[in-house]
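Both complexes below contain chain A, partnered by chain B and then by chain C.
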Partner chain A sequence: MADKDRKRVAYYPGCTLEGTGHAYNRSTKAVGKELGLELVELKNWNCCGAMEVKNIDNQVQTYLSARNLAIAEEMGFDTVMAPCNGCYHNLKKAEYDLEHNPTAIAANQRISQKAGHATYHPGKVETIHALDWLIDAVGLDEMARRAQGRLKGMKVANYYGCMYTRPRHIFPEKDKGPGSESTLKPHFMDDILAAAGAENVEFPLKTACCGGAHALSDSDISTRLVLNILETAEACGAEVIATECPTCHTGLEMHKVRAEKTLGRKTNIKILYFTQLLGMAMGLSAKKVGVNENYLDSSDLLKSKGLG
Partner chain B sequence: MTAPAAPFPDIQTRLDQMLAAPIAVADAVELAEQALRDGETVLEAWVTARGETPTDETVEGFRLLALHRQGAKGEPSFNACRETCRELVYLRNVVALYDDSAAEAEKHLRLQAMVLRHLALFVGGKMTESGLGDFCCSARPLHQPGAA
Partner chain C sequence: MPIHEKSLIRPENLVTNDNLVIDGVDVSGHWSTFIKSRTVTDYNEAMQEEIAAMPGGENIHRCWQCGSCTNACTVNAVNPEFNPRYWIYLIRTGMEEELLRDKDIIWQCVSCNKCTYACPRDVFPEGVMKATAHWLELKGHTGKSPSSHFDDDFTESIIDTGMIEEARVLLTFFKRTKQPLAQPWLIALITSLLKKMPVGYLFRLGFLTVFRPKVRNWSKNRVALQEYVDERKAAQRAALGMTGKGDH
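Right after this comes the complex of A and B.
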């Protein structure tokens, strides 16, 4: 049955969380379990089409997410949680298109019928991000109680990437004033990590492009964009960049290494998923939240803070 | 390995020089205004490349924001630098607010320079690789009729 307080929600990990973003998958599940939340993975889910399918056929892209929403609906959920910004963006866009775009509605009906499964009914399922999930289902006070300030003294730059808030019109629940997320200056990750004791630094590039789209066709631009993000976070006094998107996270890690090799510019800042930081703040081991699965080593920082 | 040149080399070189040493903050507000003008130069290049005349209008009192709005019209992926432009303006305002504190002014000028560098890299990247950014930031497919 659907659960409106979001303690039990449908879970859409998406492809990346089964591959390069596995540490995010592991830490998200571990944090949820520790907080008494239940994630029920969508049965036989499919790829959301990532960033590629929409460039070939926008309606097929919408259908791919609509099928996942239909599965959630069939499983009796009114909420599906997607931790990946790309999946989250695509599911939100499908929600919007299927309520407002007659072409998308017709294409979804046609393809669903041809594929022989139920057509998603717009408005039946709401997509949320892992940040929404934790704030709605647990709340900042409870997270603060569980974390007991274990991130105290850790200076964090929170990096949301470009897809968590864009385009604004597909996120009708944001920008609703106090308590809601902001598309201009997102703060949910800041709020969660502050509740765990972290000291968030003022970081002007929290929604800036990481160059993910340029990664294959113009790696040098991606490397420079990432390097600028890393150097700016360091200039802001941060010791660690907290991420909430597997694509951004991987890009930051890989181009950090590439910047050193190709530009001779070394940065020392660490990169961790916010779920890893929150999990360790709640007493979970570094291994339990997949720190060993990250590409870059952050053990020296974690040891110095008594974490993991 | 020789690193390839970054886009908008004049601006990038000036920023690299500025960031490599302590920033003289005697004219902090002027330096912050210069960063906005550099940002306008970057956006003018984007608008001009689209075959349009860069606007002289302002949005919320700043031409930079008007240029961004012009550059994003019909090109939703350009909104990936919307907040970057707003941060440039915000940091200019912070510098103006703290013009009696050298330490605060330098800190924010430094951040503003890094934000400007990001804008130049992003816009330069998009001008080099037509259509990039559409992957992440917009709902518009590349291969629709009339798309980039």
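Right after this comes the complex of A and C.
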């Protein structure tokens, strides 16, 4: 894990980071650049299969993810970094299935051959999240040194969502004791933001579900789930929710507005990507980390903290 | 801790009598509430196998009914009628009619995998929920849920271009589910965005259909994927004893 050099890794942004989540794309790249890390985008990548393809057929999703891993392999990388929880999850799942599930292996081989490209060799490429990337390639001490406590006094609820930790079996490197990530109570984002000076609140809904799967197809459930997350974070004393997934982030923003419009329940908490908070802590401007590209405005909070 | 399974006794099966004496014992009133006994005769013995043949349902036979899934379930916390453990029980015992009472909510699983995390038997209840919803649609018990429309639209876009075209998917979805695009909250969101965003980003955001992302040289992948998906769909229909083609 940490023995690999991760200063230069393959980068898989995925569809969402090119669309609704581009503020995350921008801030991830900006933070990487500031820290002297190199992200090499996968050539001609395709969608990882999102959640929807799995519901139609598991093997098709595995193939779609594996094609991206095959590209990383061909480009000579042993690590691919995917900041989106959905992509990260799917690539990990493909890796697991191609090592353990004969049906998936056969289907991947067959579709890859027919499509005329090399079949991915399982075990060749490790997928990591942006959180792993920063912790492995830079380390908390260095981030703390760069941030000089600029997030001091900012009360943050760290929200990880579902796909970063569940199901457990696709994350063999987690739950390995000190230094590793926990699937029950993840803490990598907490650690990074604490290093930048933030005051993390005790937040029980770190891995609660925002209903992202039904953000549009069953909006009422999503709104209730999101509202619960927002209100709980506020009750825990947080001023801002830090996110590390574009689907969660957009879901929180969307249903924050929807809760206000349809249920009359207004919440004041801000929602920012952890990369935006970290970037500003390292002295990048709000614009550089795409704060103006978020759906909801956070400028009053940032101003009051002297950030951006 | 709420009693998760309280809803299993339906109100119409609870009986209290104002005046009733059985064998000289007074059993009137609330303290002597009876639960009507049920006789089930129409078991569908094929049900478990059929659902196991749908994507996600493969491990249903492993369930030992511990209830951890229901206890951990996100949707159950919002709606106690949503009960994965109970549905798995009904499927495994073939109680189709009982299952059909809940046919309109099974698709509401949000795929959070809390159940999978909690399950001691690797049943993958999340997959079982999807498989069951799928089975209900294939059998014609329910129409296509908004969620299946979404799955179809996404998959179609991905097989076709290798990517999700957010604009195309959203517009098709709203059209197919007959929802107006002009919903107050959506408008509020989009206007707040328009106010702050440089025009260039709007193209990328995909609310305009001008920008159509595509993977280069995707045509062979498209053919290979389509062929595979068609084959799988035919296999599923065959497992349900359905022949012939047609969109469900």
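We adopt the following convention: the second predicted complex is superposed on the first by the 305 of 308 C-alpha atoms of A that agree within 3 Å, B and C clash if a C-alpha of one lies under 4 Å from a C-alpha of the other, contacts with A are read in each partner's own complex, and residues count from 1 in each chain.
Rule of thumb we're sticking to: a residue touches a chain if its C-beta (ideal position, glycine included) is under 8 Å from a C-beta of that chain, and two chains touch if they have at least 3 such contacts.
Quick caveat, the model's predicted, so the values are computed rather than measured.
When both complexes are superposed on chain A, chain B and chain C clash.
In the superposed model, A:I271 lies in contact with neither chain B nor chain C.
Of the two partner chains, neither chain B nor chain C is touched by A:A130. Of the two partner chains, both chain B and chain C are touched by A:M51.
By the touch criterion defined above, A:V31 reaches neither chain B nor chain C.
When the two complexes are overlaid, the chain among chain B and chain C that reaches more residues of chain A is C.
Contacts of A:A195 after superposition: neither chain B nor chain C is touched.
Of the two partner chains placed around the shared chain by superposition, chain C is the only one that A:A107 touches, whereas chain B remains out of contact. In the superposition on chain A, contact is made by A:P167 with both chain B and chain C. Applying the stated contact rule after C-alpha superposition, one finds that A:L252 touches neither chain B nor chain C. Of the two partner chains placed around the shared chain by superposition, neither chain B nor chain C is touched by A:A281. The superposed model built on chain A shows that, among 60-68, 150-158 or 168-176, the segment of chain C colliding with chain B is 60-68.
In the three-chain superposition model, chain A touches both chain B and chain C at residues 51-52, 54-58, 162, 166-167, 208-209, 211-214, 217-218, 221, 224-225, 261-262. If you check the complex, the residues on chain A that touch chain C are 15-16, 18-20, 22, 44-47, 49-60, 63-64, 67, 107, 110-111, 114-116, 162, 165-168, 183, 208-209, 211-214, 216-218, 221-222, 224-225, 253-254, 257-258, 260-262, 292-293, 295-297.
Within the complex formed with chain A, the residues of chain C that make contact are 55-56, 74-75, 78, 108-114, 116-117, 124, 130, 134, 145-155, 158, 162-164, 166, 170, 173, 177, 184-185, 188-189, 192-193, 196-197, 201, 204-206, 213, 215-218, 220-221, 223-225, 227-229, 232. Residues of chain A that touch chain B in their complex: 51-52, 54-58, 93, 97, 162-163, 166-167, 170, 184-185, 204-209, 211-214, 217-218, 220-221, 224-225, 228-229, 231-232, 235-236, 261-264. Every residue of chain B that touches chain A in the complex is listed here, in rising order: 1, 3-4, 6-7, 76, 79-84, 86-87, 90-91, 110-111, 114-115, 117-118, 121-122, 124-125, 128-129, 132-144.
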